[in-house]
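Each of the two complexes below includes chain A, the first together with chain B, the second together with chain C.
So, the complex of A and B:
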């Protein structure tokens, strides 16, 4: 029951945001600051995680295909699993953990310090001032981050496949190339945009409705990352089902 | 650079203190069982909600691959290997880090901010033994439990996609499910998640225990916890996978 109320609240929140977003110009400077914060500052985390996702993908692909005598197929496995599903999804999970929690805790701290009430008193719409720049920023950087994650994942897989597992490099690349199409990349980008919207709205909403005090901030941050992860994985399935199913 | 090294050293000293208190009596059994129970219950739905759709997606994409070769009967073994060895341990731990790790950081952080931890110290109660050790131990128990749940949910997702949605024969799916899987895959997943649980618990409690700077500091501790715990266990995962299954 409370889950339904939560979804309803989120919908109201998005609608309230939409009403101010279509009638006003976005705060451009603020958007760039947020884009820097979300995009550039998440990069080290994203790169590290993508490397290890790639290495494990190659290891597991190898383990799965060796009993079938299909070591050559590791390249194809990495390309399909990594490019289509894992890299965009892991990128989203990391952005949710890094940038999403930051959004939630910043807004929750503002709620605790009554800065959001202060904004309203100054006749600044808090949805416009706090949500708009974050949403536009994450929409701008997320596709790029997702592409980077795909690239790094495949590179790391290649290194493990060739140097640790001793597979043939050109064969790996040939199989990876022939099993990836432009459509897969574009689907990944579409997914990135969907994840960006989910992460931003869920995190901001959790921040806005947090209780006051340190526990409230902690709980809002906690909720933000768990719910964004769950929703991203579920929507990932929906998008895959519609586009590949 | 030196700053980073100093922090790693500080963390190491903290982890050592916690580890010593986890193996020497007296133990705080009550809190240990309470935390283990709460974590398992609170993470149960999130873990299922993440691994089940992932199982669906592996089924979907795996069928796309195997359809090319007409080898649909290999799908179940791909699903079971991927889920048992890799996906369920990693996804369950991500969720535990996000849900339990961050709430531990928040709890301990707000206890630190409100000077409750200092109060326990003044009453000559060892706050690491009393508050930290049971939490870390609880995660080391809860992670493997949740991993088992994740295994089942992931396999159920794969089954749903292959048999219910795509209409593959159920008997073939079940017969091929265990062809390339050994008990060692399940045990490997349990070993991995126990280690991940320890990593998450240590990192979360460290960030909460040394939180500074009011409500914003708690928020930052929670944030750092999730990111750093995930980074660490993804890295450790690679080495564990190489060692256990390689």
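So, the complex of A and C:
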């Protein structure tokens, strides 16, 4: 019942934001700051994780296909699992962990310090001022981050497959290329956009409804990352089911 | 519907409960225009809740809160925001944005609502109010580097930068040492004389209140137990008022803003 109330509250929050967002232009300067914060500052952690996802994909794919004599298929396995599913999902998890927690904690601290009340009293709608730049920024950078994650994952897999496991490089690339269609890339981008909306609204909502004080900020931050990840994984399945099922 | 009145803020039989706790129990009050009204009372008697009703952050369960003739509980959001553009508020800890510099904090309401002003005009206005709160030249100072007293002054500068008709103070002396507290009271007194606008001060500092207020309203247990001029309330025979004023009734020397001002460090 409380989960249902929470989802209802989230939907109401999104609707409240929508009503104010359609009537005003976003704060441009804030949007650029947020885009830098989400995009550039999340890049190191995203690259690191993507490298190791790629290396493990190649290693596990190789171990799975060797008994069947199908080690040539590692390129195909990496392309299908990495491009369609893992890379966008890993990118979402990283952004939820890095940018989502930042959004939730910043807003929760603002709530604790009465800064959100101050915005209201200064006749500035806090949903417009705090959510809009974050949403537009994450929507702008998330597809790019997802593409970068895909590219780095495949590159890292290639390096492990060719230089560590001794597979033929052109064969790996040929299998990867023929298994990857434009549709897969576009699906990854669509997922990235869906994940961006989920991460932003969930994180901001957790911040806005946080209890005051350090404990409230901690709870809001924790909730933001956990619920964002759960919803992203659930929606990932839903999108995959609709497009590939 | 309340009778039309000159009072910029009018509360009529306001009731508010949080769960089983009654915070405001039938409070009615007219805040006189162009004067300073202090709302006093012990901690937990609903002073801050009353202030949040005035700015429309909390809606009453029953009764009417009217600011500049607009019912803050029932008016559409656009009208509530229009009222808020005519008032300023100093929050307990200043509620400054730490990612902004001191000047950017003060400039914020101008940027939001005065698009007709150029960057130079905004800067000049900010420098002007910084001088009014006795912090000249602090435009570029990072907000986290400000002391508690400076944060209050910067919060006050932000509250008055747009030239509001009504300024609300939520515990302007809380967390300050006695000397800084006196300096803040002196500053409020000075602004009251120079700006001539309506001030509402929420406080439990009775000495500071007598220094700055024209009228005092005392809340106790969610009810308004005393209302009148400073002299009327401080000489009230109401037992709760007497108990609250108690040891604070050693009245301070006649108010001289200049003597209460701290020299710049």
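Note that in this section the second predicted complex is superposed on the first by the 245 of 245 C-alpha atoms of A that agree within 3 Å, B and C clash if a C-alpha of one lies under 4 Å from a C-alpha of the other, contacts with A are read in each partner's own complex, and residues count from 1 in each chain.
Criterion: contacts are C-beta pairs under 8 Å (C-beta built on N, C-alpha and C of every residue); 3 or more make two chains touch, one makes a residue touch a chain.
All of these numbers come straight from a predicted model, not from anything done at the bench.
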Classify the contacts of A:120 with the two partner chains as first (chain B alone), second (chain C alone), both, or neither.
-> second
Regarding the shared-chain residue A:49, is it in contact with chain B (first), chain C (second), both, or neither?
-> first
Touching A:94 in the superposition: chain B (first), chain C (second), both, neither?
-> first
Per residue count on chain A, the busier partner among chain B and chain C is B
Who does A:163 touch here: chain B (first), chain C (second), both, or neither?
-> neither
After lining up the shared chain so the two structures overlap, which partner does A:59 touch, if you call chain B first and chain C second: first, second, both or neither?
-> first
Name the contact category of A:12: first (chain B only), second (chain C only), both, or neither.
-> neither
Note: overlapping chain A surface for chain B and chain C spans 113
For chain C, which residues count as touching chain A in their complex?
-> 52, 55-57, 81-82, 84-85, 87-89, 91-93, 95-97, 108-109, 112-113, 158
In the complex, go through chain A and note every residue touching chain B.
-> 45, 48-49, 52-53, 55-56, 59-60, 63-64, 67-68, 76-77, 80-81, 84-85, 93-94, 97-98, 101-102, 104-106, 108-109, 112-113, 164, 213-219, 221-222, 225-226, 229-230, 233-234, 236-237, 240-241, 244-245
Would you mind writing out the residues of chain B in touch with chain A in their complex?
-> 46, 49-50, 53-54, 56-57, 60-61, 64-65, 74, 77-78, 81-82, 85-86, 94-95, 98-99, 102-103, 105-107, 109-110, 113-114, 180, 214-216, 218-223, 226-227, 230-231, 234-235, 237-238, 241-242, 245-246
Note which residues of chain A are touching chain C in the complex, please.
-> 113-115, 117-118, 120-125
